[in-house]
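As written, the chain order gives the labels A, B and C, with residue 1 at the start of each chain.
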Amino acid sequence: MREQRAESKEQRAKDTDKKRLGFVLRPVIIALWLALLFLPFRGIKDALILFVTLSILLFIFRALSGYAKTLTEKFNVIRQSVSSGLETVYARPKTPRFVAYLLLLGFILSVPFFAKDYFIDVLILAGIYVILAQGLNVVVGFAGLLNLGFVAFYAIGAYSYALLNTKMGLGFWSALPLSVVLASFSGFLLAVPALRLKGDYLAIVTLGFGEIVRLVLNNWDSVTKGPNGIGGIEPPYLFATPLGGLSYYYYFILAFVALTVFMVRRVYKSRTGRAWVAIREDEIASSSIGINTTAYKLYAFAFGAFWAGAAGALFAAKMQFVSPESFTFMESVLILSMVILGGLGSIPGVILGAVILVILPEMLREIQLYRMLALGSGLVLLMIFRPQGLFRPGRLSRLAGESRYLMGGKGVSFRS
Amino acid sequence: MFVQQVINGLTVGGVYALIALGYTMVYGILELINFAHGEIYMLGAYLGIIFLGFFTAIGLTSYSLPLALALTFVLSIVFCSAYGFTIEKTAYKPLRNASRLSPLISAIGVSIFLQNYVMLTQGATDKVFPHLFEETGFEMQGMTFTYIQIFIIVVSAVLMMLLNLFITKTRMGKAMRAVAQDKTMASLVGINIDTVISVTFVIGSGLAAVAGLMVAMYYGLVNYSIGYIAGIKAFTAAVLGGIGSIPGAMFGGILLGLVESLSSSYISPEYKDAYAFIILIIILFIKPSGLFGKAHEEKV
Amino acid sequence: MYLLEVRDLTKHFGGIRAIEEVRFRVMEGSITSIIGPNGAGKTTLFNCLTGITQPTKGRVSFLDTEITGFRPSSIVKLGIARTFQNIRLFKEMSVFENIMVSQHCRTGAGLFASILRGNAFKKEEKIIEEKALEYLELVGLEDFAETLSWNLPYGSQKRLEIARAIATEPRLMLLDEPTAGMNPQETSEMMELIKKLQELGKTIILIEHDMKVVMGISENIVVLDHGVRIAEGTPGEIRKNPLVIEAYLGKEH
């Protein structure tokens, strides 16, 4: 008996030795592997530096990951006590949220009074992207149809306004309806055949559509002036005053963002929105409760393209110039990233996603070169660690408020 | 004119086919459009320039050009395979049980990362492939066939035959087919799914490396953005042949090369890149399962 | 009066004959069971009746309308609803939302109505909500209205599927193995529910393996084997039918 116990003790000691060895060795091996991969592109010196820093970083990461669990637990306890404390302080839990919204609204409205032109400019761009991302949110987030060529509708909207304005002399207000109708009609045209396809195939066909539109814009010189683009586009007029000034345009975009959010939200919380989400969840089951899935997918495509068209016209009016360069595949990926970062199907989430992805690169101007690297690796990390994005989708009925699960976890089981 | 275009088409088509094989094998096993695959091809082209530059610097190319070229091929294949392996382990494997969307987005992320990494380290302008041998060939009835074209066609054909042998004859190849058909069953009969997936990525990336190197030699120019468009076209080729089908990818690649080369000389060269998409869209509407693919219905 | 008439219904998948010239009729207000060994083509039959798969040959008429070739949503609108053998709920939607969306084909608000939100829209939404609660009460899930449907226990998921089918206001309900995987307690509750549906005037076709359920509640039984209808009759007749016994137990018995 005693011998056996001694043996097993020895065994255990050996095992822990092995574990300790692995604890040090594994990070070193991984670092060595990665450094070797970078070797041809960076040379020996850089690879060595990479190897050393990576080993240290990975080692620290490993050492910390043991504590990570206890840390999260502690953090959760603190968070819970704080939130329960807050609840006792505010007998009516709606009040602080209301106040926060009011403060946010005040801030948004007062931006032109204190901010630099540059910041207002960035916010205008963010506003355009919010509209665009909400459009894609309808297609991908609500109806679950992956569209990798969404930029095509944006381009159609922008070029429609550009051409209607410069060639036919139409003003913004008469060209805008035409632009959005053209964009939604092209959404419809693409959707009629494309919707026979499922999942990844649909994604690829939409990508192809996006590329075809860009190639046409690039090569149809007689109309689009090719890569040179179209300049001299007029800004919108409101009561006979041109909205050329940044502050004016800021409020103008803000109004459009509000309109977009208002309308998208209303459609989401209605019979149509529910049908879209049902199709996303299970297409066969939705057809067997009487939803005409083809028709509703078509509506989603056209309604999404509608907003992309509006965003395109606003973009053309803001820049007073359009060229095919603004409508590449990367742009489609960027819009999709906004929707995914914010949380597929979540209206406030997508607003936040768009604003973050426009403002963040601007704030990181010094490391401008690395922003695409960051976007690429950010997408991978997001998918691994938080595929559901920042927000969960809100509820589908008219009466209920938006989801309370701001930054909610994966395992949320009840919605109240 | 026509025969000339056919030769040009076969050359490009062979390259598309090699890349398409990587797409189709990965899709067959993981049902994932490996968006980063085009970038592996681009990396292969760059690695060729880097290694050849290195061999010129140490004087190997002037000592024996064939040896230097052979080493360049081997090293590019090894590195690209390692890239493919690492990408799968880091960006796709953690997402194996996630929703369909997640690995696709992750793949797009990897693609963006690699493109911009190469742009940062190698510059945004075109890189010239070292001019090591004369562009020779032979003329026949007023048409020129360069040796490099013949080299590309022959190498593609040989690699495809080897791959076919591998898939049909070896144990690992059979395991790959089993995993493609039914993962659960395959793992129940003792096939290590992870190994099979890794091998798939390694082989696919190796083929893409060869394709990249050959294109660099053919055109003499390389750019960080070539991976995206070539990737999309190769994917088109894979879909054209029926995604998941290896002979389909070969056939689709060659067909696409031919169509592209003929239509840009007979219709309009400006839209050269659009033909692939137009064909893709038409094929998907007529026969979504591709020319060699099998249609499968969702089980209710 | 016959509510449903199936004539020579045939479905081949490539070379496989899933169902072959199946014919039967269903009386309004009755409970019919379709039984048969695994792979007899029962679910394929349901898929053909609901338009999810198109039959190779044959005709289905419902209320004297020929519905073969109709799209699934039109068939639901005419009054046929179904549940699935492998539960297919809208997982990320709450129990309540599952029922709301299932009233889709009995409501009509479009895109513009939902943006404008006039009185008609508000009234319709209110009715949808009231009815949803009513259907949930019928299957006993009213306490779980706010639960995400995939968090429900298995038995309740099956009940939710039935509630979802009822919400389409059907005359005929096709239930695909409603008691599969249930314990005796849950099974008898499910039988009660099915009887309640009959009392509400629904006609029901069941696919069922549990003979106690089949014999206990059905008025008519159709037996399929290898896609062919081998017998039809009352529970008493089926119990004695030598062909049925052979199909289930093999020739030896």
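One rule holds for everything that comes next: a contact is a pair of C-beta atoms (placed from the backbone, for glycine too) under 8 Å apart; a residue touches a chain by one contact, two chains touch by 3 or more.
It should be emphasised that the depicted structure is a prediction, and the values quoted were computed from it without experimental measurement.
Taking the mean of all protein C-alpha atoms as the reference point, the chain centroid lying nearest to it belongs to A.
When each chain is reduced to the average of its Cα atoms, B sits farthest from subunit C. Measuring from the averaged C-alpha position of subunit A to that of subunit B gives a distance of 30 Å.
Inter-chain centre distance (subunit B to subunit C, centres taken as mean C-alpha positions): 49 Å. In terms of their C-alpha centroids, the spacing between subunit A and subunit C amounts to 40 Å. The set of subunit B residues touching two or more other chains comprises 300. Among the residues of subunit C, those in touch with two or more other chains are 52, 84. For subunit A, the set of residues that touch two or more other chains comprises 284. The residues of subunit C lying in touch with subunit A in their complex are 50-52, 71-73, 76-77, 81-82, 84, 88-94, 96-97, 100-102, 104-111, 113-115, 117, 121-122, 124-125, 128-129, 146-148, 151, 164-165, 167-168.
On subunit A, the positions that touch subunit C within their shared complex are 263, 266-267, 269-275, 277-278, 281-282, 284-293, 299, 303, 393, 395-399, 412-416.
Contact residues on subunit B toward subunit A in their complex (touch as defined above): 31, 33, 46-47, 50-51, 75, 79, 82-83, 86, 90-91, 94-95, 98-106, 108-118, 120-122, 228, 232, 235-236, 239, 270-271, 273-274, 276-278, 280-281, 284-285, 288, 298, 300. Of all the residues in subunit A, the ones that touch subunit B in their complex are 33-34, 36-37, 40-42, 146, 193, 196-197, 199-201, 203-205, 207-209, 211-212, 215-216, 219, 284, 329-330, 333, 336-337, 340, 344, 369-370, 372-373, 375-380, 382-384, 387.
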